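Structures follow.
Next come two complexes built around chain A: one with chain B, the other with chain C.
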Partner chain A sequence: MSTSAKLKREMPQRYRMEAGKCTTCGYIAFPPRSICPECQAREFDTVILPDEGTILTHTVIRVAPSQFTDEAPYAIAIIELGEGARVLCQLVDCDLEQIAIGDPVKIEFRRIQAEGKSGVLFYGYKAVPA
Partner chain B sequence: MRKVAIIGIGMNKWGELWDTSLRELYTEAALAAMDDAGVARVDSMYIGCMSSGLFTGQEHLSSLMADYTGMAGTPATRVESACNSGGVALRQGFIEVASGMSDLVLVGGVEKMTDVDGGMATYALATAADQDYESFHGVTFPGLYAMIANAHMARYGTTREQLAMVAVKNHHNGSMNARAQYPFEITVEGVLDSVRVADPLRILDCSPITDGAAAVILCPLEKAKEYSDKAVVEIVGSGHATDTIALHSRKDLSWLGATYTAAQRAYAMAGCKPEDIDLAEVHDCFTIAEICVTEALGFFDKGDGGPAVERGDTAITGKIPVNSSGGLKSKGHPVGATGVAQIVELTEQLRGESGKRQVKNARRGLAQNMGGSGGSTTVHILEVK
Partner chain C sequence: MVGIIGYGAYVPRHRIRVEEIAKVWGADAPSYKRGLMLEEKTVPAPDQDTITISVEATKNALKRANINPAEIGCVYIGSESHPYAVKPSGTTLAEVIGATPDVHCADFEFACKAGSEGMFVAYGLVKAGLVKYGLAVGADTSQGAPGDALEYAAAAGGAAFLFGTERVIATIDETFSYMTDTPDFWRREYQHYPQHAGRFTGDPSYFKHVTGSANGIMEKAGMTPQDFNYVICHQPNGKFPQRVGKMLGFTREQIEPGWLSPILGNTYSGSSPMGLASTLDIAKPGDRILMVSYGSGSGSDSFVLTVTDQIDQVRDLAPHVRAQLAANKNYIDYGTYAKFRHKILKAE
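Moving on to the complex of A and B:
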């Protein structure tokens, strides 16, 4: 379920991968947070996550939720982007049988899904083999 | 704090119960528990339920369930913590009796999941993940646990066959449980040949969609004999912990930190160690979950959960029987009811009433119930007096 307000609110993360970096301990918060879970400090600098990383773990979704049934099967991975920052996203333009932990990937801006009722398109980040 | 006893248990057969409504499911289990305890009313009620709104369109279960158990007027509280809703409901009931606020408390759990189609059920369950940073990208719950499985297999060498052995063991146990949704045996080959859901997990690695409910009655230990002449089972430990909601935020993707912490808290309260536990009911929503949970509970070292299943350590006749009920895998997983059903199984085992699946010399049992990909966990330790 999404509204135009929600769509606009999430643009900094989905379009630009804006994160918060704790000015005290360096913890990277993606999405940004009000308080650091590592040191409880409340000051963050706005940073953009690096667009290169490695696969920590992965899966291939064969039975998909309703918004994604047309795309199945597709790969999902958890990716380490450096300085401890991690994201979960789809891994595309790859051989589904050849994905391995430790593989280098690059983040790209892609279409993620179309909202069922309104047909509104959602964009965001996906990973591709580097 | 007062000591707390379980004096009544109630649970009917689980399955795709098209003729039974949400309120009927709950009421049947609640009345069975009240009959088992020999009480006609309670002082207070907790209802564990994850998502009756999405599954049936019905919220406000506090009023509905107090009303339909014939006790409108009684304080009632609905508790939600995803698949850990039942476990948290039990803990709230335990706290209420322990504190002296109430003497007789009914703790029930319920989920009516088959009034919607599979796609909607998958959507409803996925709301337990981080909607904006996990579900948005198309990951499912099988997908999240599949990623835990791949991380565990890469780090410790856990095998695909060991995952299958968890399902085979739990179906074997469930084949002796008349209440189980799928009370039949399966084979390792059958699991490995079943439909792929989220690699490396297949459909027979996954717990099913289930309609069901379970209920227990709690009272102060010192008053237990006034109500019931059955063996008295005491809740000697209760631990509760949370973890990050998103799997990717956790430092170790092959470790269930909230389960470890909740277990440590429960062991400390009960004054016992993992090796003092005679049997356990754990949250095997997926086969990999049981392997990770048995490590986090301290039954096995990190990475030894897979080999332990292969050695037979978790069989009913093994060193530490796990999921004698059949677990979520065979018994079914009506999400809000699961945590309470674990207590029903342990109480029955500790009373010595489990028939063919009875664990020998069962004196102390542990229940572990978990929400989402491990974002919340409760652990309870029960002892027969």
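Moving on to the complex of A and C:
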């Protein structure tokens, strides 16, 4: 699959944080799904997730995949955004020793990775301390 | 009534002090601080660029404007650090805010006045009735060669302005542009860093064009410096905007609210737009503002604005510029700065 096609297909969730909200049980699926894992319904409303939340849990990556070695060590966290919506993302612009569960964070638009020196640039969401 | 219906700025959190840069290059920090009136500058994180800064500034502008982004008819980003040489920055911004696909989009370049160019065109399209809302952003992750005087000022940040005809917070009363072909600062294709013509960037370039544009718009509008509450001129360092303001007949009190460069640095295309955003943060209904950009090459765009009652409704809906400058600062050393700004080349 071309990276451009993947990038384009994932833009709604990576760029705008579009999630699917089950019209039957209210489950928030992020990224969006075709079938609700809670009630198996197939109808979803598109909702935009809030850009503020709290740290549910986190870890520090010290041995990073090849495309992220220059960023190591860095934190990734699961962020609770309300209404049961959770996102997994990098936590940046922070002191790795000071990260604590429950800390408030803000979601910002950042560059996620670059496809080498001449390929496309991937953008998406990351969390920063509020 | 046509004018600004929303504005927002974004300031990266990393900072480097003049002393830290001077230490590496054996320069005399006190003379740089005194001569250029600079204390520190912002540094973008490795995952920040003109696009990410434009997005965050625009989100703040949208919070104040409270409009449906799908009704934005044009999206313009002015910058001299667009991440792609070929592929627009504005398309990503438009996609993120939900303005696609029925929208006109373009990237602007004109050294440090690319942001005000976008403002000029977006305002013009709204005034002509061709679009309902227009978005213009001035943003940069400015380049300055290691050891060059530019390195003490080249910073990162941006400001976004939404133009419309309803719920206007500042009317645009007059515009004026002053431009000549003046090679004072340039960056050739495939070059990492810009070059400049030293002292030629001063009197024949910055001062000639800023005063030409400011005097031109005041003559066109039948106004004098005493008619304005505030003035914002492009800020390549701390000294130039103070000096040009004095040359034009403005007082320090008129300059101060938008004078950010001593603690922000020069955000190139974001410079005068961020100064305007900072001034709107404190302006009162009825205040008159003069903004004058400057882009090497060279030209200056000027705007006369009048603040309306609506400012009090929207001012606190997004973070103020000076609050962002004061919050969450992270001072870095030169080594970290060099890594963040890709000044260190690694083996392939």
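Observations, loosely collected:
Here, the second predicted complex is superposed on the first by the 125 of 130 C-alpha atoms of A that agree within 3 Å, B and C clash if a C-alpha of one lies under 4 Å from a C-alpha of the other, contacts with A are read in each partner's own complex, and residues count from 1 in each chain.
One rule holds for everything that comes next: a contact is a pair of C-beta atoms (placed from the backbone, for glycine too) under 8 Å apart; a residue touches a chain by one contact, two chains touch by 3 or more.
Everything quoted here is computed from the prediction, not taken from an experiment.
Once chain A is used to superpose the two complexes, chain B occupies space next to chain C without a clash.
Contacts of A:71 after superposition on the shared chain: both chain B and chain C are touched. In the overlay built on the shared chain, the residue A:112 is in contact with chain B and with chain C.
In the superposition on chain A, A:53 makes contact with neither chain B nor chain C. Contacts of A:122 after superposition on the shared chain: chain B is touched, whereas chain C is not. Look at A:92: by the touch rule set out above, it reaches chain C but stays clear of chain B. Draw one line from the C-alpha centre of chain A to that of chain B and another to that of chain C; the angle between them is 150°, to the nearest 10. Legend: residue contacts after superposition of the two complexes on their common chain; A:20 is shown touching neither chain B nor chain C. Applying the stated contact rule after C-alpha superposition, one finds that A:11 touches chain C and leaves chain B untouched. Our summary of the superposed model lists a minimum C-alpha distance of 12 Å between chain B and chain C.
Shared interface residues of chain A (contacting chain B in one complex, chain C in the other): 71, 112.
In the complex of the two chains, the chain A residues touching chain C come out as 11, 15-16, 51, 70-71, 92-93, 108-112, 121, 123, 126, 128-129.
Note for the complex: chain A touches chain B at residues 10, 13, 30-31, 37, 56-69, 71, 74, 76-78, 86-90, 101, 112-113, 122, 124. Within the complex, the chain C residues that touch chain A are 13-14, 45-49, 51-52, 55-56, 59, 83-84, 92, 95-96, 98, 328, 330, 339, 346. Chain B meets chain A in the complex at residues 119-120, 122-123, 126, 132-140, 142-143, 146-148, 150-151, 154, 195-201, 244, 246-249, 253.
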